[in-house]
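Each of the next two complexes has subunit A plus one more chain, namely subunit B in the first and subunit C in the second.
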Partner chain A sequence: MLFTSYGFILFLCIVIGLYYTIPKRFQWKLLLVASFVFYYFSGWSNLIYISVTIVSTYLIGVKLGNLDKQQKSYIKEHKESLTLEEKKAYKEKIKVRRWRWLLLCLFFNLGILAAIKYTNFAIANINHIFTLFKMNELSFVNLLLPMGISFYTFQTMGYIIDVYRGKYEPERNIGKLALFVSFFPQLIQGPISRFDDLSKSLYEEHHFDAKNFAFGFQRVLWGYFKKLVIADRIVTAVLEITKNPETYDGIFVLVGMVYYAIQLYADFTGGIDITIGIAQMLGIKVTENFNRPFFSKSITEYWRRWHITMGTWFRDYIFYPLSVCKPMLNISKSSRKRFGEEIGKRIPVYLSTITVWFTTGLWHGASWNFIVWGLLNGFVILVSQEFEPLYAKFHERFNVADTFGFRLFQVMRTFLLMSSLRILDCYRDVGVSFRMFGSMFTKLNINELFNGSLLKLGLDMSDYIVIIIGVIVMISVSLSQRSGSVREKIAGKPVIIRYAVFVLLFFSIIIFGAYGIGFDSNQFIYNQF
Partner chain B sequence: METLLEILEGLHPEIDFETHDSLIDDKILDSFDIVTIIAEVNDQYGVAIPAHEITPENFNSASALYELIQRLMDED
Partner chain C sequence: MKKKKIISFVILILVVFTLAWLLQKLLMPKYMTKIVEGALISEYYEEKNKDHDVIFIGDCEVYENFSPITLWENYGITSYIRGSAQQLIWHSYYILEDTLKYEKPDVVVFSVLSMMYDKPQKEAYNRMSIDGLPLSLTKIKMAKASMLPEEDLITYIFPLLRFHSRWNELSEEDFEYWFKKDQIAHNGYLMRVDVKPAGSFPKPRKLADYRFGDICYDYLDKIVKLCKDNGIELVLLKAPSLYPHWYEEWDAQIVDYAQKNDLLYINMLDHLDEIGLDYSTDTYDAGLHLNLSGAEKSSVFLGKILKEEFNLADKRQDNYLKAIWQEKADAYYKMKEEQYKELEDYGYLLKFNLKRAEEDNRQ
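== the complex of A and B ==
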């Protein structure tokens, strides 16, 4: 069930209506049923996959909690009789058992994700090798990727790792854990929430709060505006350019990437606005996933502000554990001795960064495009890190760091850099992506922008006007957010202005939304992950 | 504590680590710095700071970090 379908709107009205009329103690149970109904409509077999993940994580979480309790009570009971060494040995024994249960949970659930998502990618690569040796090729398997599997698997694995680390107690009510994993507004495209951030607000009783409800509704409208008016309109031109690389090279690649940046931003942040807005209408607080990312002055900053919950997930569960694990510390120690202090201390950071960006690429999709995209992101981040002292000297020497012009240059540079990397998202393979990138320099003909070609990409003048106005509104909202919540500011205006703004937004979606004849209701880009 | 201050000052000589108490909140220490600090602490103090101890509370100031090191040494 897509957020943009009429069926979803009807479903949402029913859920919200029931949510505020049934006894409060049943609210979370209603959300659980609603989440499973919602997911059922994306394919009944998907329910099996998510249920297996929920049950396995629940059982192993409880096991981890029980082992922890067992250790504490044993040490308490035998406080007097145990020597220090015996206590240590007992703790070590429990630690090993807990570690094995954690590994089982991780391998099992990440194994499901890997099997469904990456089997055909692995077969395609094996077949390439087989072809070289003139061997028979393997057949591809027919596995449907459940919507949002990458999101809910990561969210669940974050939970089990936190339980293992003792950050919080395991959830002992399987229904509640199931709701945390399957909460329908965020099930198919995140944010990737943490249990300690979301659970309390998810399970507690919520009374109807008019202001919260209105703010949530406004955010949902804003999300639909971005998705239906901007993203689903500009996508036509993005596809026309990127699916026909032989026709559209040179300056069109740049145009395509700027359009794609607009589409991706409007699509993904729009989807998250709808998610957070729906949750807010239900009185539930979901973590923010964006912080005006296109105002970032460097790629590192960009990744702190774009898809924040994914970035922090990789940081907390892969980057840090890998960087500070014993083998890595040993590598660091030996490489310092061998290569000197400066190079030696960089090695753990480099190895972990490359691993994180490789897995980030792989998480986004089973193709070399995404892997290369991920590795290039990591490469740019490491290079920027190395050049940091040089930049600092440059800024000091020319005293430019704090000027508006220089900050604008940095923002534009980051935007263009990220847009260039996204070429790999759009073209059919890595070779074509690099060829198209190269054509921006070798076949650049700016005149093509003014000979009417832009109007042959599936967008007419009225589409461009709607997109330009939409983008101006998005930029204005982002600029306004720097000094606080836009909805709070609007709420402080006279009633007539308040209503005018939201009536305008509502009718913009109805009138200018890209649906109906000539437009297909598009899935959100991140649903596919 | 002096050894720890030397490690921190080696990364950011411009910061007064004896008084600063929002190193993470003010984005002075990034993830690369944290990994470098942990490797050097391991070298100097023989203590391995586990990943789950990497929290703003433990890394916001030199004194908080020093307390963490002491605690981990005691646990050993």
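== the complex of A and C ==
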């Protein structure tokens, strides 16, 4: 069930209607049922996968909690009789058991994700090797990727690791845990929520709050505006350019790059706006996933502001643990000895960074273009870090850091850099991506922008007008957000202005939205991950 | 304060609905030029006197080939053609169901050509048959029965959701006919006086299976039942169009069905000489549809049968009806005259050849 389908809107109306009419204590149960109904529409077999993940995470979570309790009560009971060494030994024994249970949970759930998402990728690579040795190729397996599996798997992994770390107690009501994993607005494209962030507002009773509801509804509309008016309109040109690399090279690669940046931003942030808006209408607070990323002045800043919950997930559950794990500390020690303090201390950071970006790429998709995209991101970040002293010297000499012009240059530079890396996402083939990137410099013909070619990409002048106005509105909203919530600002205006804004937004979506017959209904890009 | 909030919210809702209604009216196709047959279905609901002896249901084989004015002038039969472009049998059934909410005719004439289609064909034709009906359960059932996989039921309830993307193709016609519509047809008859003699048709190809689809029989049964339940005589009719080819195997099935259900079946293709049709002068598109001259001839023929078979009273002396039909006849002859004049001036009919007219204007 796509967010943009009439079926979903009807489903949402029913859920919200019931949510505020049934006794409050049943609200979370209703959401659980609604989430499973929602997921059922993506294929009943998907329910099996998510249920297995929920049950395994629940059981192991409870086991980890029980072991922790067992340890605490044992030590408390034998406080007087145990020696320090015995206590330590007991704790170590429990720790090992808990660690084993954690590993089991992680491997089991990652195993499901890997088996479904990466088996064919692995087979394809093995077949490449087999071909070299003239061996018989393996046949591919026919497995359909359940919607949102990467999101909910990571969410459960985060939960179980936090339980292991003792950050919070495991959830002992399987229904509640199931709702945390399957909460329908965020099930298929995130954000990747943390249990301690989401659970409280997810399970508590909510009374209808008109302001909160109106704000949520406005955010949903804003999300639909970005998705239907901008993303689903510009996608025609993006596909035309990227599906025909032989026809559209040179300047068109740059055009495609910029168009795709607009599409991806409008699509993904639009989807998240719908998610957060729906949750807000239900009185539930979901973590923000974006913070005006295209205003970033560096790639590091960009990744702090784009898909925030994924970035922090990788930071907290891969980068930090990897940086301080025993083998890495050993590597650090030996590399300092071997290469000196300056270089030696960098090696563990490099290794952790590369690992994080490799997995980030792999998380996005089972193909080399995503892996290379991830590694290039890591590479650019590391190079920027290395150049930091150079930048510092530059700023010391030329005092331009705080000028508007220089900041604009930084923003444009980051935008173009990120867009260039995204070429790998556009063409989905490493070779083609590099060739197309090269053609921007070897076959650049700016005249093609003015000879009517842009109107042959599946967009006519009226489409461009809609897109340009849409992008201007999007940028204006982002600029306005810097000084506080736009919805709060609108709420402070006279009622006639408030309503006029709402009516304008509503009818912009209805009239200018690219939906229905004549338009392909497009999934949200991040649904595929 | 709370009261004020509620009032302003109610006003907001009213504004939204009013704007939606206005935009919907603006963006929906008007069918006043080019594809005028799209306006046929809704025109019925503008009719003041919805009391007819005969109702026709079917596709272009009824709305192009029969003239209610001729039936009135020759036999005093009041009739209305509830036809639409490529009206499929389930369309016909629901259009009849809807018509019976307004009147109970003595006879319903159903064009059997649509028995050849057992699947929805084109969204455009669905829209032309369904959009003109006022919103009702019948309309919803009709849309559900007719939709192609890519269609959504809600777009038949709120057509704005279907036609929203027409904002960039709005023309003068859309603004001119935003709130009013011209009369396109004459009791459902779409007049054309131009002539294009019938030529040769492609040889009918052999079909793998000549049996009409089960769904077509199901709906034909439903039409029969609907008529029986309402005490209406049903006539099955094959109009005298030469193309698409009407196979003998198809004809035999209708003959058989009519016999089994005690219905009158008229295959006008068997009576071409009797009707007096001359396909060098009586068709405007080489034999697919009749022009005015052909439609009047076929109406004279059909009217005689209807009158004799069903004892339909001659109502020409009814002063009330006389006045109504005189007005209709005036409009009919006025349009006839205008069309002949256009033919004389341009060599073609402007309304049906807009592109050609635009090109000529440019020259």
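Everything that follows uses one rule, which is that the second predicted complex is superposed on the first by the 528 of 529 C-alpha atoms of A that agree within 3 Å, B and C clash if a C-alpha of one lies under 4 Å from a C-alpha of the other, contacts with A are read in each partner's own complex, and residues count from 1 in each chain.
Following the convention adopted for this analysis, a residue touches a chain if its C-beta (ideal position, glycine included) is under 8 Å from a C-beta of that chain, and two chains touch if they have at least 3 such contacts.
Because the structure is predicted, anything quoted here is derived from the model rather than measured.
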Subunit B and subunit C placed together on subunit A: clash or fit? fit
Let me test your reading of the model: by the given contact rule, A:Tyr320 touches which partner, first (subunit B), second (subunit C), both or neither?
first
Just to be sure I read the superposition right, which of the two partners does A:Met135 touch: subunit B = first, subunit C = second, or both, or neither?
neither
- Message: Contacts for A:Ser332 in the overlay, against subunit B (first) and subunit C (second): which applies, first, second, both or neither?
- Response: first
Could you look at A:Ile48 and tell me whether it touches subunit B, subunit C, both or neither (first, second, both, neither)? neither
Tell me the contact category for A:Ile343 with respect to subunit B and subunit C: first, second, both or neither. neither
Superposed, subunit B and subunit C have a smallest C-alpha gap in Å of 41
Both subunit B and subunit C touch subunit A at residues none
Note: in the complex, subunit B contacts subunit A through residues 30-32, 34-36, 38-40, 42-43, 48-52, 54
Touching subunit C in the complex, subunit A uses residues 6, 460, 462, 495, 499, 502-503, 506-507, 510-514, 516-519
Listed in rising order, subunit C residues that touch subunit A in their complex are 8, 12, 15-16, 19-20, 23, 27, 123, 150-152, 154-155, 160-162, 164-165, 167-168
Seen from subunit A, its contact residues with subunit B in the complex are 165-167, 300, 315-316, 319-321, 323-326, 329, 332-333, 336, 345, 348-349, 352, 385
